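Sharing a structure here in structure tokens format.
Labels A, B, C and D are assigned to the chains in the order they are written; within every chain, residues are numbered from 1.
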Amino acid sequence: MEPLIVINFKTYEQATGENALNLARICDAAAKETGVNIIIAPQHADIYRIASEVSIPVFAQHFDNIKYGSNTGHILPESLKAAGAVGSLLNHSENRINLASIEACVKKLESLGMASIVCTNNVATTMAAAALDPDYVAIEPPELIGSGISVSQAQPDIITGSVKVVKKISKEVEVLCGAGVSTADDVKSAMELGAEGVLLASGVVCAKDQDKALRDLINF
Amino acid sequence: MEPLIVINFKTYEQATGENALNLARICDAAAKETGVNIIIAPQHADIYRIASEVSIPVFAQHFDNIKYGSNTGHILPESLKAAGAVGSLLNHSENRINLASIEACVKKLESLGMASIVCTNNVATTMAAAALDPDYVAIEPPELIGSGISVSQAQPDIITGSVKVVKKISKEVEVLCGAGVSTADDVKSAMELGAEGVLLASGVVCAKDQDKALRDLINF
Amino acid sequence: MEPLIVINFKTYEQATGENALNLARICDAAAKETGVNIIIAPQHADIYRIASEVSIPVFAQHFDNIKYGSNTGHILPESLKAAGAVGSLLNHSENRINLASIEACVKKLESLGMASIVCTNNVATTMAAAALDPDYVAIEPPELIGSGISVSQAQPDIITGSVKVVKKISKEVEVLCGAGVSTADDVKSAMELGAEGVLLASGVVCAKDQDKALRDLINF
Amino acid sequence: MEPLIVINFKTYEQATGENALNLARICDAAAKETGVNIIIAPQHADIYRIASEVSIPVFAQHFDNIKYGSNTGHILPESLKAAGAVGSLLNHSENRINLASIEACVKKLESLGMASIVCTNNVATTMAAAALDPDYVAIEPPELIGSGISVSQAQPDIITGSVKVVKKISKEVEVLCGAGVSTADDVKSAMELGAEGVLLASGVVCAKDQDKALRDLINF
């Protein structure tokens, strides 16, 4: 089975504006050459430019639970779709939203034909998120985010526990392994524990050589 | 003196994606033909596409008080500048931010060479906003937003009072008149009361004929 | 089986300060005379005074996911326990909190020996909340809150659906029926649909005669 | 002139429940014996109990910009007054509120006959806050909060600058000096720079001997 690699650009300088476009091209080229499934999640203002230039899927990092109308400065999911996004992260640890909003946003993405990745922080919240029927749940223990220590190696029980409770709720929700992922071994161990892929950011975005870091990561 | 016309696209369907681009072109053409100063504020995901196609100034509707780094889903001002924005609304009634953030965001825009418009709701908050030294303060009594009743006509004291307290603080901060603006008369009365321009949304965006509504508005 | 009646005082004038104490005494007297289980949830500032005077359980309406320390103005669960609260509502529709906070707050209440009632808005979020293992889930379709139309009568499927998904997750989580409850018939139908009780506010708090409204409600 | 000493209990364990009551009594006794003006700001759930037992003024740490009605879990100013509070902190750095809310809350306190202390973080936001006409502005540079390094000694310009801009706006708004205050010397230097008093927390609350720390502080 092929792992899915989701790269969150966050608001890193190395992934803003021109830099975001460059990184997107690196990911696009690597995906084409290796056949690995790579999804990128750049900032809202970079989505249009990137989606116009690459063929790998572009996701948003977040949007608001709003409808067309008077919501100055908020992120309308329809604006993301119009810009070329085909999915979105939701409830990232740096941008938590409430339970009712997660549910409404998952449904909204589905109605727009877009995919959803709901981020969670432990086994219990992963089970809760699975009950909302997203496409993916990405489990990221907060203490490992940005640590360089992979959850799949440091806390394998969280992955196996998450896979177990998710599958109890629904066979169709897939589990991604986030937090601390940076090497091909991290990806391999995540897959062996039952995850369908990984969600990462700094491991690639902040690497001195982004292309090399990505190639190393997907050389599993 | 030439009034400044700022058009907030909000998240209206008539101003999202392709529709946003169309409206931006209407505004651009009207500005070129008439020489009137028009600023447009589309959604974040539409800024790049619009700024690439029009020559009038494009502003953001909002951004977050953050720096480069780990802020998944938040709006980094540098990403807006990279996409072509040359200024931003701040503290719109639909997206209030705290006092410390307004101050930090005004300073950040200045450091990026971008312009700031701080929205306020009455004379006292207008005076407070002026103390933060933005380029513009836009006074919008909440009860008139989207009402079709112009503050310049319904509550002229709010405009004259705002102009007075702002000038007491700083000669360089300019006052815009928001809420309910939809006709050339509204603009004229705002100017007569001492404002330097208007901030509006539905009056143009939601008009059946956006071009006609805009032409009527700037035919002062 | 005895229904549980939870009365949320919200911030109604009829349930603030002296009025809150009066209403608490009405509830206390009714509970003693009838043997019905009544829980009251007054405002934070009223908890100490009320808990000192009545013997029915006093719950908080909300608290923050914080620990002892520097959190000026936030609600520390330990402060509520010290004031006499023995449980808390969480995630009320008027005060939504994020998924990670619901999970942490449920656990915190358990560690303090206090009971948890997590409010939800539909079947999917009820299932999600049940995965977090609270004592109670209170399902309140937002459109019926304060409507005087009981969910148990207007949308019985939501109650039966909620009970079904909750029991699939855990036999120990109990379901309360909220939104629009105001009569003994509402309570009866909620119980028949599988709920263990009701959560209500305006039906009693805003009644001209609070005592009569409560007596009518619990005369099932 | 007599300095005003405001002690913020935050959510410290040493200032919660019984501990809050003990500390309030220490402050009350010291104020009575020395004649120094001491205001205490305990947690919401502790206000009633404390205000019933001490004669020094009790303030809240925060409240929400709401009216009587449906605001489950939010803090109604009327509930604080009913519990015995005679004023409130607003916009503390740990609980920032938006500009429109600061203005509305200052007015609300005034209408309830209660006093307002608006916290700010630099000279510009202090000037802005003064424009809202509160009773006090408390300037607390964020980097010094909890540091044990007094703003009055480390950054005297911030105090003198704040006093100057505040007096430009209004002669009636008074300036408190916050952040890092812990000794009588800190109080003295704050007064010499033009402040009317100090706002502090950990210096007294977290001291091994709270009574001694307070006595030392007010022995100016």
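Here, a contact is a pair of C-beta atoms (placed from the backbone, for glycine too) under 8 Å apart; a residue touches a chain by one contact, two chains touch by 3 or more.
Bear in mind the structure is a predicted one, so any value in this text is a computation, not a measurement.
Between the contact lists of chain A and chain C, the overlap is empty. In this assembly, the chain whose C-alpha centre lies farthest from chain A is D. Between the Cα centres of chain C and chain D there is a gap of 34 Å. Distance from the chain B centre to the chain C centre is 43 Å, each centre being the mean of its Cα atoms.
Shared interface positions of chain C, i.e. residues touching 2 or more other chains, are given as 93. Taken as a graph of touching chains, this assembly is arranged as a ring, one closed cycle with exactly two partners per chain.
By the definition given earlier, chain contacts exist for A-B, A-C, B-D, C-D.
Across the complex, chain D is touched by residues 8, 10-13, 16-18, 20, 43-49, 60-63, 66, 68-76, 78-83, 85, 89, 92-95, 145-146, 201-202 of chain C.
Residues 91, 93, 96-103, 120-122, 124-125, 127-133, 165, 169 of chain A touch chain C in their complex.
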